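In what follows, structures are represented as structure tokens.
Okay, so subunit A shows up in both of these, paired with subunit B first and subunit C after.
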Partner chain A sequence: MTFYKTRKDLLYLAIFALVIVAMPLWLKPFGAGYPDLMQRFMIFGVFAIGFNILFGMTGYLSFGHAAFLGAGSYAAVWSFKLLSLNPIPALLFAMVVGGVFAALVGVVSLRRSGIYFSILTLAFAQMSYSLAYSVLMPITHGDSGLQLANTDPRVLDRLFGADGTLPNLFGLSMHGMYGFYFCALILLACFYFSMRLDNSPFGMALRAIKSNQTRMSYTGFNTKPYARTAFIISGMYAGLAGGMLAVTDPLAGAERMQWTASGEVVLMTILGGAGTLLGPFIGAVIIKYFENIFSAFSDAKLNEIFAFLPDGLQDFIVMIVSPFVGEGWHLTLGIMFMLIVIFLPGGIMEGCRRVMKNLRRRSSEHPTRRSQLKPAE
Partner chain B sequence: MDWLILQFLNGLDKGGAYALIALGLTLVFGTLGVVNFAHGALFMIGAFCAVVFSRLVRLETVTVDPERLSPWGTPLEVRTPVVELWLGDFGTFLVQYSVPLAILLAIPVMLLIGWAMERGLIRHFYKRTHAEQILVTFGLAIVLQEIVKASFGANAIPVYAPPAVSSSLNLSASLGIGTDIFYPWWRLIYLGSALLIIGLVIAFLQFTTYGMVIRAGMEDRQTVGFLGINIQKRFTVVFGIAAVVAGVAGVLYSPIVSPNYHLGMDFLVLSFVVVVVGGMGSIPGAVLAGFLLGIVESFASMAAVTRVLPAIDQVILYVVAIIVLLTLPRGLMGRKGVMEG
Partner chain C sequence: MSQPVLDVSDVDKNFGGLRALSNINLQIKQGTTHAIIGPNGAGKSTLLNVCIGRLPPDRGAVIFNSDVITGRQPHEINQMGVVRVFQTPAIFPDLSVKQNVMLPAFAKRDGAFRLNMMQAVADQRQLESEAEHWLEDVGLLSHQHQLVGSLSRGDKRRLELAMGLIQKPRLLLLDEPTAGMSRHDTNTTIELLKKIKLRGMTEVIIEHDMHVVFSLADRISVLAQGQIIAEGTPEEIRGNPKVQEAYLGGTQV
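Then we have the complex of A and B:
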């Protein structure tokens, strides 16, 4: 049984890997086949998959996850500055920092659950955000953000005689296509890990906590260490994602910790489908894709697009559409958020499942209709 | 002594805003059981009611006066608000007192928005989980905030208190203490109105039959329903009241902090902290915690304190909230059995 399950998992993973690796090909027709955007897909995919371990599996809604992402970014940039421009130590460092930070926040926040947990995590995130602008200035460099400089010590680089001014993996630039494949590898590893976690007894315990924590406690099961571990793991994912952001663009700023950023990852997870493996990644891709496309629109471009319409109609449509694109992209995001929560709380994955079910029912129309005619059992 | 009084008044002012928003939040939570993340947006919309009203009464006509010359030698353009032309002295009064008068605009607007929100959205989320309530109202807050941003721009818009009360009161003279303590009149008026509004809401709940039924519904909604009372309708009214309170608070606060589109979000997070510290669903708790936290924040932002503990003013509220949540699971005045998870 387990063997069968593992084999099915491996097949799932292989298909997923194939889709990811072929991304530059199939995203080209959508105008998204360039490395910068695809890197962001990967990075926020990691972030959302990690968030899902906490929210989707364990049922704790954290509103402060961006704090771990920001901390990871700072950690990675510091590793670039002090140790080496190689991304591997930077990402390890970012993960450790994200995990330790999550452990500290978790000790306090996880003593409560439900909305108190949400508010506690929000409070911690807001605290780190305002501290990053004041007391922690020597670490964060406040408004100007943490940047690389030629005068950085970079102990390891000096030792091995490596040079360069941007993060690179043994000479491979992390900015273009190599950067994308590097991020894709990390995403696949993260996806595989969360898949294994989902199938493990540990994942089962997390799901049990989500469905009824009180009942779990009554059966003599100490839920706290499990929730805490889930929180730390998801903090490490967030730290890793923050580190990846720094790898592709070596700059860290406190605005990444703002609570709107925390809201964004919640939205990604919900949009794709909380509690599913693939959902959060799909949500991340969709949101980052539309953010990129929509926020680039301007009135001139809209006029160009609707130029085929008669003049009056064209002006009218441009007038209606323009508040939702460009600067107003967040409005679209908010509306999308509401629609998803209202009509499809299970997210896109749930929607797919419903469509599939409908199709299946329709294809086997006859037998079902006959069975419906039978008296109730 | 002077600084003590000043910081205390500052704290009460800040606390007034927290208490008014938190009052609405906790009312909605206590009656409808809904966690409303869009409540801060209502405060922001109230503040923008003041902006709209003062813009409306300041619509100007431009007439060219050939008699008088500007420094550049061209005829001087005289701008007069239309209402002054039409209504004379009453028009001037309208222009000068635009902020307090904006309350008259804010009340129907907030009632309408509150009613629409409750009927259109919140109602369908009573039975859903708290997480889903938080998420949908969070989305609504983003939408409202972005609509305001799209129509009024991203910059803060200053609104002015009536000139008659834009000066400061010499507190030392009127109280007979200290040397020189000056405090802006408007802030004192604001504080007074905040206390008045809080008093009115509590009196409504405490001393009217309607309020008594609402309190009974908060205790045991099912039994009140069995007695043949349409408690749902009254809870909708409560939501409207909460929206009006937030809106009026926004109007009154607008001369103190210029309204901008993220005003609501800024206050929302802190108001949630206030509600949690006071105890979810507890009205006196929210008021008490609002004023307490305002005062704590005000004293923490003093130079003498920040020199010892840098940036403590920005985190003190969160620190207090964390300590309270960990030591008193129900907050300061929360009822037993309400949201203790």
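Then we have the complex of A and C:
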């Protein structure tokens, strides 16, 4: 039974891996087959999968997850500056910092649940954001952001005589396609871990906390450490994602900690389907894709697209559409999000399930319906 | 005379001006089934809530195997071996029937919390077979993969029972275990509880169904308006005029 389940898991993982690795091929027709964007799919996929462990499985809605992402970025850049341009120590350091930061925030905010928990995490994230611009200036370099410089010590690189000016994995540049495959590997590892977690008794305990925390304590569970562990794991995922951002583009700024970034991961998770394994990743891909597409449109480009229309109509349409693209693409995102929440509360994954169910029912109902109709004729 | 398993001494509990429990003294001996009966609002469920740490008593103490358990956290009390089966099924709607039963077994195996990621993540076969065993006992094995939301009320009660039993409690508190069940299911549950009792389990049972009470109980306490008005063997209670007036309504049972 268990063996069978693991095999099914592996099959699931293999298919997922195939889809990911083939991304450059099948994303090309959508105009998204270039490494920079695909890296972002991977990175925010990791972020959303980690967020889902806390929100989707355990039922704690954190509104401050970007703080861990930002902390991870700073940690990774500092590792580049002080230790080495190799991404591996940077990512490890980013995960540790994300986890420790989450542990500290968790001690306070997990004392409450529901909306109070959300507000506490939001407060912490905004506090980190302001601190990054004031007291923590020596660490964050405030407005200008934390950047690499040729004068950095890079102790390990100097020791082993490695050179280069950008993060590289033993000479492989982390900027282009290699960077994408590196990120994809991390995403697959993260996905596999969250899948195992979900199928385990530990994951079962998390889901039980989500549905009835009070009853849990009468079942003999001390629920607080479970929630705290989920929070720390989720913080480590966020730290890792932040580290990956720094690996692909070695610059860390405080705007990554702002509440809009925290809100974005909530949107990704809900859009894809909170509590499902694949949903958060799909949500991350969709949001990053549309951000890329819609925010690239300018008024000039719109005029070009609608040029086939008569002059008056063209101006009119462009006037209506332009607030939804470019800088205003968040408006489109908002509308998309509202539609999903109202019509598909379970996100895109629920949509898929409904379609599958409908197809199955139609194919099984078809013959019976015909036989029922015949006597009436 | 051996030490009682559960010793409730001088417990008071008020809700605002309402005196829910007043001066309750109750001793429950090892291996016995003790029924608590009484009209609605007599304080039966409040008494159980005090025992499992859900409500702190205003006065008095609850002693379990010579450990004072008043003031302890609910999960600590559960880990000591006091398990309650709830009246309104309090199960986990997002999980399947089997997972609902595996969960208490997981709590039993790993304690209130043990960060043993490798075992917690990898191994579930042992929990599964344990869960299947108990589901068979309560007759729910064929439903094991269903989500619990789709179960009938009676089936939910039996699931609750399995969730309690899988923890192999030292003291089982049953809050109307057969409410909402058909006569047939009630009798099956009585048989199951008798079987468990033979293994030496101590049970406290709250019940309105006198058929259940008189088939299971060794001793009965009658609670009315927060006070114990009578205690004795089933025969003594049946013959007690005070009880008949307060609860049994004068009719012969």
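Keep in mind that, in the parts below, the second predicted complex is superposed on the first by the 359 of 377 C-alpha atoms of A that agree within 3 Å, B and C clash if a C-alpha of one lies under 4 Å from a C-alpha of the other, contacts with A are read in each partner's own complex, and residues count from 1 in each chain.
Convention: contacts are C-beta pairs under 8 Å (C-beta built on N, C-alpha and C of every residue); 3 or more make two chains touch, one makes a residue touch a chain.
The structure presented is a predicted model; accordingly, all values stated were derived computationally and were not measured.
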Subunit B versus subunit C as contact partner of A:197, first or second or both or neither: second
Touching partner for A:208 - first (subunit B), second (subunit C), both, neither: second
Which of subunit B and subunit C A:358 touches, first, second, both or neither: neither
First (subunit B), second (subunit C), both or neither touched by A:111: first
Which of subunit B and subunit C A:222 touches, first, second, both or neither: second
Subunit C versus subunit B, contacts on subunit A by residue: B
Contacts of A:144 with subunit B and subunit C, given as first, second, both or neither: neither
In the complex with subunit A, residue positions of subunit B that touch it: 35, 121, 124, 128, 130-132, 134-136, 138-143, 145-147, 150, 269, 272-273, 276, 280, 310-311, 314-315, 318-319, 321-322, 325-326, 329, 339, 341
Subunit A-facing residues of subunit C, complex: 52, 54, 73-75, 78-79, 83-84, 86, 90-95, 99, 102-104, 106-108, 110-113, 115, 117, 120-125, 127-128, 163, 167
Residue ranges of subunit A in contact with subunit B within the complex: 61, 63, 108, 111-116, 118-120, 122-124, 126-127, 130-131, 134-135, 259, 263, 266, 270, 323, 327-328, 330-331, 333-338, 341-342, 345
List of subunit A residues in touch with subunit C within their complex: 1-2, 196-197, 199-205, 207-208, 210-212, 214-226, 229
